[in-house]
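Listed next: structures, encoded as structure tokens.
Shared chain: subunit A. Partners: subunit B in the first complex, subunit C in the second.
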Partner chain A sequence: MADLGRAALVVSLGLTLYAFIGGTIGALQKRRRLSDSARNALVAAFGSTLVAAAVLAIALVHHDFSFVYVYSHTSKGLGTIYALSAFWGGQEGSLLLWLLVLSGYGALAAVLNRRLLRDLIDWVVPVIAGIASFFALILVAVASPFQTQVRALDGLGLTPSLQNPYMVAHPPMLYLGYVGLTVPFAFAAAAMLSGHTDERWIVATRRWTLAAWMFLGFGQLLGAHWAYVEVGWGGYYAWDPVENAALMPWLAATAFLHSVMVQERKGMLKVWNMILVALAFELAVFGDFLTRSGVIQSIHSFAQSSIGAWFLGFVVATTLFSVALILWRLPLLRARTKLESALSREATFLYNNLFLVALCLTVLWGVLFPVLSDLFLGQSRTMSRPYYDFFLRIFGLPLLLLMGIGPLIAWRRASVRSLLKTLRWPIGVSIVAGIGLIALGAGSSRPGLIAYTFSAFVLTTIVVELVRGTRATGSLFQLIGRNRRRYGGYVVHFAIVMLAIGIAGSSAYATVKEQKLLPGQSMTVAGHTVTYTRLERGRSGTANELRAVLTLSGREHGTLKSGVNNYFTGDTSKEVGIHTDWLRLEDTYVIFDQQEGKGVFFKVLVKPLVNMIWLAGFVFLGGSLVALWPDAREQRRLVARLALARG
Partner chain B sequence: MVALAVAGVLAVFLLYTALGGNSTPLLQPSNLAGHTGTISLTGKVRGPVNGDAKSTGGLQFGLHNINGASTIVPIAFHGSVPDLFKVGRDVNLTGQLDANGTFVATQMTTKCPSKYTATPYKA
Partner chain C sequence: MTALIVGALIAVAAVVLVSLPFLRSSGDDVGSSTELQDRRLMLIDERDRTIAALKELEFDHRTGKIDDTDYRALVGPLRRAAAEVLQALDAEE
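On to the complex of A and B.
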């Protein structure tokens, strides 16, 4: 079995190398048959990688401990789903998943666009194949998942906290996002290599970018929820370098998704869009480098290995390639029109882009700071949470406001008077909301109050737009169906507002209290009285379970259990107790911190509106799917642009 | 060009902010000596582990460099002990060095379980 896996990977390497070299020669010399052959090789590479992936999946499911990888990441007692999830739990398996998704995406993009975008696809294939060759080479020569050993009786197992449904979905979602960003990058590079820098590459890759962005965004939220319910520290995002590694390409892709609208409509920001798409791709690969190199201390890093040098070389090479391409094609990337007014929709998109990129670079700066400070100041220093929180507020709050203004302001030029007239309802509602919130005591946190007020502003703009559109068409569904991209976008904006409200509520207005309680004793936190009633001991198939039973009274009533599992493998895991008030979307979160005699140290957190964050994830997914849905009008637009490009 | 100019200004602002504060020295046990103020210390847990995190003396253990042997720094930890805390695991601590050479920490994180390899591969 392992031999078959190894052989399949060697075949993948050969095919991707052929697609890279053959495709480049074919595109350079305009040899159509060679380009077709390279495209077929890329499709075949997906097939051979699928075989390798199937071999590893079968070995995992059948607990074949003659595979070093299976031995290291699973054990006999592990259920099938979790055994399969070990596919992406380790370095080698996750690299194989990366190659599988990349070759699959590449093959699909090449096949779907082979007729309409023939001139671009001839270059897209070698670009994607070149990137895939790198991953295939790593899998064949540096980090093979098919190393074997004398068959062991049992494996090392999967850490208990990873045996959670979220961890089955979260990593593959992130990989679908990271890898998906290769497709728009390849099309952008192909546009520059072929000299066809018109807007077709943007129209053709909008859905690819949107899908990758959706997976990356939803994947991060899944990870955040896993951390919240399973890791047991009461938070959901810790600004860890590897968490940031997923956030950065998402921010760059968000900027790109907005700025392409300006290029499509006005022929502006062409260079900027090339920079953004390259930045998103490079940040995705950089994230992979961060996780695997051990260059930056992170709680998420894989064990330090030589693989980091390979990734660093790859990041440097692809960055130089992107910069050289953009500089070479600068004359072709000149804007057709100029920005006419600082008060226009295109200007608003530009401001939005600047804030997003500034936030992205701020996070990158924080991630790289330990390395840079070591190099230039002689001492490694790390950025702490206040740094990130500060910049999140500085750039995030104006972004929130722009989200309301952008869709309502006119293209080309708007006057202050017309803008105020358009925004009279949102401004009125946000002022009333702000005053109401101060009266309710929300003024204790200025950033929280601003976030809520801006959220009210954006929500009103969305409602105004929907009401106006529905009046014109007669039906909300008809309205959305007519312009899925626009209204899908509004739904996503709605999700981002929910996210902002959830983050502001659960961070700016959270209450935390720690106290030792004996059975029968109580503590009061933010109007909730938590009473520790008794301790229960139990035993499952994998662990001894200790649970403190607590009752909740005051604003809410209920019972919750918080405790600790002592696994037979020697691991321990805190099991938090969460009581959700669905009316307020508020959680009472109890951590069993430590037992001492008959008493228990509890940490109780009351987190207002935290559930808004998780609900936002579903709304975000729904909005993205609406915007992704096939649209005949867009296909017609692509055909029209093709005719225009052919003159 | 407007965008690049504004991004450049922001980068300078960032540089200023970063150098001006908000950062904490990131050290390993081998280069901890003599440092004052809040420090982020990363290392591997060494036993024996004594006491508890809620007592006055705190949870006591040793810490040495992740890669290879080094000076062992005595640690006193006060706070919530993460699930994965165990002898031999990599942890990051935030705290200060006291006059007796003990690192008194109030925050601790352990390596993410998804990337933790308990035992080296047996070839």
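On to the complex of A and C.
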């Protein structure tokens, strides 16, 4: 079986290299057959990678410990689902998943657009194939998942923290996002290589970008929930380098999704869009480098390995390629129109872009600082939470406000008079909300109060937009149907508001208390009384389990269990107890900190509105799906446009 | 043995798929776009943008984002631009 996996990967490498070299020659010399053959090679590479992936999946499910990878990441006691999730639990498997998704995306994009965008596809194929060749080479020569050994009786097992349902879905979701950003990058590069820098590459990749962005965003929320229920420190986002690695390309892609609308409407920001699409792609690969290189300490990263240098080289090479392309095609990318007014929709998109990119670069600086300080100062200094929180407020709060102003301001130019008239409802509601919140005691946190007030502003904006639009068209469904991207976007804005409310509530207004309790003793936190009743000891197939049983009374009633798992492999994990009040969307979160004699040190956190964050994930998903739903009219326009151009 | 046979079949299938375009009887020339087609594409882009801007302006006016004074100041130049680009497209044909 391992031989078949190895052979399939060698075939994939050969096919991607052929698609890269043959495709480049075909596109340069305009040889139709060679270009078509390169496209078919990319499709075939997906097929052979699928075979390799199937071999690894079968080995994992059957606990075939003659595979070093299966031995290192699973054990006999591991259920089928977790055994399968070990596919992305280790380095070699996750690289194979990357190649599988990349070749699949590439083949699909090439086949779907082969007739309408022939001149672009001829270049898209070699760009994607070049990137896929790199991953195939690593898998064949450096980090093969098909190394074998004398069959062992049992494996080393999967890291305990990965034995969680969220870890079954979170990594593949992120991979679909990371890898998906390759498609718009390849189309952008193809537009520059072919010299056809008109809007077709944007129309063709709009849904690819949206889908990648949706997967990356939803994947991060899944990861945040995993951290919340599994890691056991009471939070959901720690500004860890690997978490930031997913956030950075998402921020760059968010900026791109907005600025691309300006290019479509006004023919402006062509260079900026090329920079953004390249930045999003490079940050996705850089994230992979961070995860694999071991240069930065992270709870999520794989052990230090030799492939970090390969990834660094790849990031440098592709960055140089992108910069050279943009510089070469600068004359073609110059805008023919100018910004007419600083008070216009396109101007708000520009401000939004500046804040998003500033936040993205600030996070990047925070991630790189330990490496750079080690390199230049000889001591590794890390950027801690206050650094990130400060910049999140500085850039995030204006972004929230812009999310409310943008939809209500007209394209081209708006007068202050008409803007104030349009904004009178959102301004009025947010002032009333702010005063009400201060009266309710929310003034204890200024950033929290600002976030809530701005959230009220944005929510009112969305409602005003929907009401006015429905009045103008006569029907809400007709309104959404005529511009799904815009109204799907408003649903996403609603999700971001929910996220902001959840983050502000659970961080700015959280209550934390630590106390040692003996059985029968209680502590009161934010109106909740937590009573420690007894200690339970148990044993599962993989660990000895210690659980403190606690009862909750006061505003909410219930029973909680919080404790520690001591795995037979020597690992330990904290198992937190969470009670959710669905009416207030509030959690009472109990951490079993330390045992001392008959007593236990408990850390109890009451986190208001934290569940708004998880609900926001589903709203985000719904809005993204509305926005990326296929539009037959758009396809017809593309066909008609091409026919007209050909005369 | 089975693995070898399956591996060989994958390789053969890949070779067949990659070779298919060379077995076709149709010509090898992609037929690069002419300067005229490129200019037309540019004009079509411009036409689509202008018409979209006009539609957006009408919608913004109906939903109250733009008052009558601003609307009158913006709609004239946009209509002229649309007419100019349509004329240029007609001239190309």
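The rule is short, and it goes like this: the second predicted complex is superposed on the first by the 626 of 647 C-alpha atoms of A that agree within 3 Å, B and C clash if a C-alpha of one lies under 4 Å from a C-alpha of the other, contacts with A are read in each partner's own complex, and residues count from 1 in each chain.
In this text, a residue touches a chain if its C-beta (ideal position, glycine included) is under 8 Å from a C-beta of that chain, and two chains touch if they have at least 3 such contacts.
Note that this is a predicted model, so its numbers are computed, not measured.
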item	value
Overlay on subunit A: subunit C relative to subunit B, clash or fit	fit
Partner chain in contact with A:Gly235 - subunit B first, subunit C second, else both or neither	neither
Which of subunit B and subunit C A:Thr382 touches, first, second, both or neither	first
Partner chain in contact with A:Ala44 - subunit B first, subunit C second, else both or neither	second
First, second, both or neither for A:Met1, with subunit B first and subunit C second	second
First, second, both or neither for A:Val357, with subunit B first and subunit C second	first
Which of subunit B and subunit C A:Asp119 touches, first, second, both or neither	second
Distance in angstrom between the closest Cα atoms of subunit C and subunit B, superposition on A	22
Doubly contacted subunit A residues - partners subunit C and subunit B	none
Partner subunit A, residues of subunit B touching it in the complex	2-3, 6-7, 10-11, 14-15, 17-18, 22-27, 40, 42, 52-54, 67, 80-84, 86, 92, 109-119, 121-123
Footprint of subunit C on subunit A - complex, ascending	1, 3-4, 7-8, 11, 15, 18, 30-37, 40-41, 43-45, 47-48, 51, 118-119, 122, 196, 198-199, 264-267, 408-415, 417-418, 421-422, 465, 468-469, 471-472, 637, 641, 644-647
Footprint of subunit A on subunit C - complex, ascending	3-4, 6-7, 10-11, 13-14, 17-22, 24, 26-33, 36-38, 40-42, 44-46, 48-49, 52-53, 56-57, 59-60, 62-67, 69-70, 74, 93
Of all residues in subunit A, those that touch subunit B in their complex	68, 71-72, 89-90, 147, 149, 152, 156, 159, 161-162, 167, 171, 231-233, 238, 242, 269, 272, 291, 297-304, 339, 350, 353-354, 357-358, 361-362, 365-366, 369-370, 373, 379-384, 386-387, 390, 516, 570-574, 591, 593-594, 596, 601, 603
